[in-house]
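Across the two complexes that follow, subunit A remains constant while its partner is subunit B and subsequently subunit C.
Let's turn to the complex of A and B:
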């Protein structure tokens, strides 16, 4: 019985982190791989995105955005079965739908903590990794947010939510592949494989985002209204 | 989690977090841009030296290096074959090029050198000190606040997640590759967000009641001591030497 139910203690958190340290995370590009040009370009665009996000972020929203960012951090540790292997959730589409431009600072902080706690990614790749995850989220937010507004038909909501989950992962995968490809043409096969590895994840993320959005619309619609002031 | 190591006591643990952050940052930049083998081997040696000085237990260090090297290993499957250059030897129809092997070796050294430095930093500095150091290094206030809140709530929300996980287990849920599983996970994530959202409201109200005005205070005062000055000068000299060796 003890084994069946996990105790909610801090030692579980340690176990979890040790366990997950072994998984290969395709979404994070490690240190030392990308060329300086790609790193600088990524950092510059990420800085611009973060600046826009911070402009939209009011002081009193910080506790809410921080806690949501922590929730996404934990959600990204959840592994779901995908056929014979298991995939970890990315959920950047959902982050984008809930936070809009604020996804940039939220993802930056989440990735910084992942680098510090698990050493996934590091200081020089922080910019590129933030850009690769946050930009697709923001793009999808701007394209699909109108479909989620109150009063929209259920089918519109389902299509838009699915598309957000699907395309944000697709774009992220393409951007990770592109970062590798721009570093050197020798990376092309590896980059292609990275994009291909994201294909099954896209469908899972699409389904998850749709169900989650429908759930949130029913239970706590104000989370989706972009108003995070307590 | 890595904070368990921060209880350790070494020369590096006692240094000012601001200095450590800056040094690791500059080191990472120089190593990321470096290409020559001498420089890279030098950086790897320096990284090892620092990790040894920080007294990081060997087993934990190796565990930490595994995820990075998984990606490197993945790249080793491709780079020796796809990088143009003179063939070293043939594996069936594929030529392994000299340049490709060199390139992959360089990447491996770079990655590990940078990771060693990062691990030394993380192992010797509690995350909260890191936040305060970031604040004093003039990283925007909002980012530092976000960093504190996120870090603080990862633990709380992870426990919430375990509770939800137990409750779906009690109801006999077994994860499979089907729609039901994904929907269940989606509801779990949704519930996690709803609870986190409510908690955020309670926390923020409680903070307002206690007079929160947007300032976070550190009980620990940072100050540069002789040790800090000496080690910063040493590390800067090392970084400059690496730079000169690379570009001069």
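Let's turn to the complex of A and C:
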């Protein structure tokens, strides 16, 4: 019996950690944490982003968007051991760098399926989560896209790709902290927690994004030229 | 290639489109099959010195006249039996080690249920302990006069049980009984995303791509 109680408290403790690690286990904010105002606001902004993305979408880009959406969907399963909590890959930088505003629909689809199939995040927080992950991607895209154009030196490409992977995760962490802050949590501790938990992820994402971009530059440079991306 | 020959691009797009649609349809075809395939399950629990097993198909239909094989943890066959009309099969505990109960339903269906050694061990020790413990609460629960009488009866053996103590005993035995179930529930809750989920998600995305291409293509033509 003693053993059982020990086990029980242990598992309770584990559940407690799991329950309260919602904002630093992943970028996905779970249901029932944010206030309705934040949820609705996030959904509205996300809807606007998705609309912009879909407006720019051309037929021949649809497969690219789908493939990157699938990559985003699967990336969340790759856990990165980061101290006490395990974070996972997000890949929003890569998605943003290739798709621009179309990252919004791609990430929305990926997040919806993650919520439905993996129970990451939730349906009510879909808008906020989409905004938190897609907006940094779009911002980084607009900052760093010129570094990837043809004629740029290899070093510039590497630096820009790495920075995109790194900063989109960092900005996402800050935005998650901001969402929690708007609900009433102290901003700095929340944001610090998220960002600290994702530090290793940022570096890994930076390296991954660089590798992918260098590969794409060799194999399909037209994808990065931005001639079919707004 | 796309820019030089727009016609070629349309044809290519169409081919891709058709491929995606076919893929989506195949996916939709396969998905229900894998779900509704007659999954069999066997569930075993310990009651005193016997083990009961109940076998079901996924739809809730009982598995009748199917052989059940009981192995120990070293995969040595201990005993064999057949499910009855209700899908039930019961047997005495052959040994107090971990047991593996295998149901072999028709058409190559197989289900396994593992009983841990502690489940069997606890059941055994409980049957030995229970008589003294359980008689008292059963009699006492009937009322305050009952308590008085029983206290008299037990006075000779110097056992007096207060209501609180009885509750503690019941709680303890309930905890023991429920432990495997709570663990099972916990295991079921904490499942990591499986292969089906991942492939399902990718399939959904491909399906969405297919549908999007379909509509984009229709707008053009």
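Note that in this section the second predicted complex is superposed on the first by the 177 of 230 C-alpha atoms of A that agree within 3 Å, B and C clash if a C-alpha of one lies under 4 Å from a C-alpha of the other, contacts with A are read in each partner's own complex, and residues count from 1 in each chain.
Everything below uses one rule, namely that a residue touches a chain if its C-beta (ideal position, glycine included) is under 8 Å from a C-beta of that chain, and two chains touch if they have at least 3 such contacts.
The structure presented is a predicted model; accordingly, all values stated were derived computationally and were not measured.
In the superposition on chain A, A:204 contacts subunit B only, with no contact to subunit C.
Judged by the touch definition given at the top, the superposed model places A:223 against subunit B, while subunit C stays out of reach. Contact with neither subunit B nor subunit C is seen for A:48 once the two complexes are overlaid on the shared chain.
Of the two partner chains placed by the overlay, neither subunit B nor subunit C lies in contact with A:143.
Looking at the shared chain after the overlay, A:65 reaches both subunit B and subunit C.
By the touch criterion stated above, A:73 is placed in contact with subunit B and with subunit C alike. Contact with subunit C, but none with subunit B, is seen for A:114 once the two complexes are overlaid on the shared chain.
Residue overlap on subunit A between the subunit B contacts of one complex and the subunit C contacts of the other covers 4-5, 8, 59-60, 62-63, 65-66, 69-70, 73-74, 77, 109-110, 113, 117-118. The residues of subunit A lying in touch with subunit C in their complex are 1, 4-5, 8, 11, 59-60, 62-63, 65-66, 69-70, 73-74, 77, 109-110, 113-114, 117-118.
Contact residues of subunit A toward subunit B in the complex are 4-6, 8, 10, 12-14, 16-18, 21-25, 29-34, 36, 39, 50, 54, 57, 59-60, 62-71, 73-75, 77-78, 80-83, 89, 91, 94, 98, 105-106, 108-110, 112-113, 115-120, 122-124, 184-190, 204, 207-212, 215-216, 219-220, 223, 230. Here subunit B touches subunit A in the complex through residues 1-2, 4, 24-25, 28-29, 31-33, 63-68, 70-72, 74-75, 77-79, 82-84, 100, 103, 107-115, 118-119, 122, 127, 130, 140, 142-143, 145-159, 161-163, 165-166, 169-170, 175-177, 179, 181-183, 185-194, 196-197, 199-201, 203-205, 207, 214, going by the rule given at the top. On the subunit C side of its complex with subunit A, the touching residues are 2, 9, 13, 16, 172, 175-176, 179, 182, 186, 193, 197-198, 200-202, 204-206, 208-209, 212-213, 216-217, 220.
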